[in-house]
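Structure record follows, encoded as structure tokens.
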Amino acid sequence: MNLLIGMIGTAACVIITILLSGSLSDFWDGASIFIVLGGTVFATLASFSFDRIKCALKAAKLAFQKENTDLNADIDYIIKIANIARRDGLLALEEVSEELTDPFLKKAIMLVVDGSDPELIQSVLETEIDATKARHADIRAVFDTAATYSPSFGMAGTIIGLILMLVDLNDMAALGPAMAVALITTFYGSILANIVFNPISKRLKTIGTIEYTRKELVVEGMLAIENGENPRVIKEKLSSFLSRSEIDAKAQRAAKAAEDAMSKAEK
Amino acid sequence: MNLLIGMIGTAACVIITILLSGSLSDFWDGASIFIVLGGTVFATLASFSFDRIKCALKAAKLAFQKENTDLNADIDYIIKIANIARRDGLLALEEVSEELTDPFLKKAIMLVVDGSDPELIQSVLETEIDATKARHADIRAVFDTAATYSPSFGMAGTIIGLILMLVDLNDMAALGPAMAVALITTFYGSILANIVFNPISKRLKTIGTIEYTRKELVVEGMLAIENGENPRVIKEKLSSFLSRSEIDAKAQRAAKAAEDAMSKAEK
Amino acid sequence: MNLLIGMIGTAACVIITILLSGSLSDFWDGASIFIVLGGTVFATLASFSFDRIKCALKAAKLAFQKENTDLNADIDYIIKIANIARRDGLLALEEVSEELTDPFLKKAIMLVVDGSDPELIQSVLETEIDATKARHADIRAVFDTAATYSPSFGMAGTIIGLILMLVDLNDMAALGPAMAVALITTFYGSILANIVFNPISKRLKTIGTIEYTRKELVVEGMLAIENGENPRVIKEKLSSFLSRSEIDAKAQRAAKAAEDAMSKAEK
Amino acid sequence: MNLLIGMIGTAACVIITILLSGSLSDFWDGASIFIVLGGTVFATLASFSFDRIKCALKAAKLAFQKENTDLNADIDYIIKIANIARRDGLLALEEVSEELTDPFLKKAIMLVVDGSDPELIQSVLETEIDATKARHADIRAVFDTAATYSPSFGMAGTIIGLILMLVDLNDMAALGPAMAVALITTFYGSILANIVFNPISKRLKTIGTIEYTRKELVVEGMLAIENGENPRVIKEKLSSFLSRSEIDAKAQRAAKAAEDAMSKAEK
Amino acid sequence: MNLLIGMIGTAACVIITILLSGSLSDFWDGASIFIVLGGTVFATLASFSFDRIKCALKAAKLAFQKENTDLNADIDYIIKIANIARRDGLLALEEVSEELTDPFLKKAIMLVVDGSDPELIQSVLETEIDATKARHADIRAVFDTAATYSPSFGMAGTIIGLILMLVDLNDMAALGPAMAVALITTFYGSILANIVFNPISKRLKTIGTIEYTRKELVVEGMLAIENGENPRVIKEKLSSFLSRSEIDAKAQRAAKAAEDAMSKAEK
């Protein structure tokens, strides 16, 4: 949603600036849209597989949704699981995992329930995280590439306009408007890159970063649970994933509750 | 094929844009082609060995073919092999490997059949994957370099045109056309980079990524087979290589079949 | 404070240069501020999460404060702790840690007091340092992105101005001022990037570097303390973190005192 | 030789383009050569040590020679050595090494003959390869830096020319030629970078890549020989360094001979 | 000294080029120096801490001195020490180290004399080398940043000049000179970056590379000495740090002497 607000805001700034001293119709040119949008789309199509582009479009749709950045809920959930495991044993987690919809957390719990070797668990989960990272990087590459092609075709369009203008210089009165039209493609290319492709790519990176942190947190937490570590120590470990300020904010709220819980959880 | 469609589409956008307001003949200049294409080709030739360029041309040909992005078939094949190995022993895989055309998979199976040490298998196969990656990067470098040279020589051509125009400014009427011709080389350089070299390089990277994933999958799978792991666990591991959406799509289709197979494959 | 002085100084240089040959009013254009500042803010908003931007603003506030670059105090503190640990045992450090406000040092001491395994201590602390680095890189990315967007929207604004100017070339007298206004957005974009966003990003990196060094020093020091190493050897190890010149400066001051201390600290 | 042909070809394209519509004398300007070549040479001299630049010039000379890209000969040689070692023992290699001129291969064989520990051999040889890579990167940096300086000084020269032209605008007739002369430095800077420095740097990288592959191949091969591995397995391992196509080509030629050799070499 | 010669040479090329067709006074503009130099200095000040900038200035002073690139002396010294250690035992090195002024070599010898564990020695020394590298990179960042700011403020100054010129186009005769003055800031920015900041940064990197090689050589050598390795083997190992050509040159000179020494040094 952030992405949508940002995009609309940016577009509004550009449009209002135009309206303040001219009219939008001066910035409309069919042929310019043709070369910038068409060139960018086809060159991107040439650079990637249909599959990759389909994934990229699906990811772009995700990028418009509100992301959940609160890791505290995840830490609390892991601690809750840790307490269950301490009380009722690791096998009790099987029941817990059934209600889960996050496939990564589910897989992590199942591996622990199966009593797999800690190193195997880590290797399976890290392999999945690495594969996710690589897949995300591949998807972002689609938008990064489009963000490179669009100003290039914008400039190519401007050069085409300039050449056509220069070939026939008889009508000096038409010089200005012709040059204006030529510049429109550069404008389109820049706008397309900076309002659409770059923000989507960066937003996907932002979302990805949160996802990796959450998954690393799950790995760290589940390994600690299998290792039978004290929930307090697990909390300590996992809180490293939060930024200092978040810890402080949470700390004040949780101070009292935590102390009570810890005294009980103490071995 | 994707690459060809993309290239033709991009070129069509450029050509149609030109035709909308001028004629293609205004964009034809023999000398400009000479400096942009000639300069790019010879400078690229100077930068690499004949062997490397020959490989690059062969790779470019591959880039125009339809790539196979479906890893599900590969996973299914590994699971099929895993079931054979469980039923008939590792030696039964020798027969299987004889019908294979993919040299990497064949080598992987042979190493497992030979009963080699898992670490040796991994080291031999990873060495091959790394060597493949390095070779691909070397080949892409040819197109990346050409994509850097072509706008450079385009700009050099434009500067040559401008200098020749400025040296003799008597005929003001010829100024426009002369400048138009000067700009044509910049246009050629940009087009050559963005319609030919950049898409080929990126497409090769796309193809390479798929190939590495497939090979990593083979390594992971064959090591699990030699380790005598349960086909269900192997499937779980390998499915990390698929993107989440693909898993879901496949999951619905395969749900029923999988359950049956698993109950039989259970130890 | 350095950052504030630098920014004011840079701005002063720009303003004085303008005043030397014109008036500031020629560089004021509401619409230009609108597209450059608005475009940059909204595009940055589109690229990151609210949380990330909130953290970035908080970090920017920190960037304006005077940083503490003196590692000698930290080394001396570690040596002081090392001496306490040698004299009164590791448990005596618990009391010491109570008066501390730095959560990282406190955590490090608590881990040592708990008698945790050295590898566990290192892993917990390194995990925190790595998480800090990743968080800082994420925050800097906000300013780096803004520093990329602002000249882009500056140039977009100039192109808008040029197009509007070229569309209506009748009034040649207005040509100059119109072009001047068009150029103002480029000016704004460049100034915003080079006086605000780039210095903040680089200053954050500077501050981060000092923080990481300090934390690495704490890890190195606490591990050596738990290992029961001689304070003299610890000092030797930690002084590697200082630049040679700082060692020399300190060495002359500390020469006499050190010798005395060492002879006592000798095993 | 490739480099020389490429450079001459590129230069020819530029010269012919000039001759097609003007004369070379329009592109000759002593002062321009002075600032572009002089500035580039002195700034490069300021950036590196005399030693580094001397090495760079020596390397540039090598870059003009025909490189040997055929790894098959190297593999065959290693296999030959492997067969000798199997038949006559590792000590028999000492005699073999005496006729060698390649110091790296010689050192590798001597280490094996000395019966050194495989890890020591690998560490000594990898250290040498890494040092070679670092040295090559340092040498390429000289040409990369020169390739960055030359267009910079080209542009500086153009700005000098424009300033001098603008200071005295009385003679409008001289405007064109003056501007032409100003542009010549940009032309020189671009040509120098794209016909001389960039191709040399890239060619050195090409040559380096072949050299590293060959050395890695020697390490892999000699370790396998010391390990007493089967020449067939060694060949299998080493052939990973060849690109797939080369293997196929070689495979057809070698198919018959290989089978014979293998059956004999079989344990 | 190389740096000074290079800088003076580059400046001379620029000045002579100017003098060939105009006068230096056309390139003097107080306000331009104000914005370019002032902006660069203050923006750099804003980006780093006073400490960092002080270190950078100290390093810049070092960059003007003649660097010592001859590693042969260092290798010979290590071999000399190795022979002493073989003859008189490791403790005899304590006396040797007293006359040394290089703190790194001294520390390395002391660690060996103390009979520290090889892994501890390596870890302490590598930590110091890594810290040195990080410190050098931080220092170079100051000059790299200044080299980025100076053309940026040069361009900002030119835009200021153009805007002021365009605001008042009445006096067409003043147009040329006004534009010339506007361009001067771009000239200053480019010159400042390419004659001062870039060469200093690159020269610091050159000096750093030599220093790291020398330190790595010391680590390698001292570890070999503690390990009691044969001086001949040590020499072999260390000579990998020299470039091939240097080995050859040295080899011819040293051929006879080496053979004698080796026969004696043989175990």
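A, B, C, D and E label the chains in the order they appear, each numbered from 1.
To be clear about the criterion, a residue touches a chain if its C-beta (ideal position, glycine included) is under 8 Å from a C-beta of that chain, and two chains touch if they have at least 3 such contacts.
From a predicted model like this one, the values you see are computed outputs, not experimental measurements.
Among the remaining chains, none touches chain B as well as chain D.
In summary, the chains found to touch both chain C and chain D are E. Separating the centre of chain D from that of chain E, both taken as means of CA atoms, is a distance of 25 Å. Per-chain CA centroids place chain A at a distance of 40 Å from chain E.
Contact with two or more other chains is made by no residue of chain E.
Annotation: chains form a contact ring; the order from chain D, going to chain E first, is D, E, C, A, B. Chain A meets chain B in the complex at residues 30-32, 34-35, 38-39, 41-52, 55, 58, 103, 107, 124, 127-128, 131, 134-135, 138, 141, 145, 148-149, 152-153, 155-157, 159-169.
Residues of chain B touching chain A in their complex: 2-10, 12-14, 16-18, 20-22, 26-27, 67, 69, 173, 175-177, 179-180, 183-184, 186-187, 190-191, 193-195, 198-199, 202-203, 206, 209-210, 213, 220, 236-237, 240-241, 243-245, 247.
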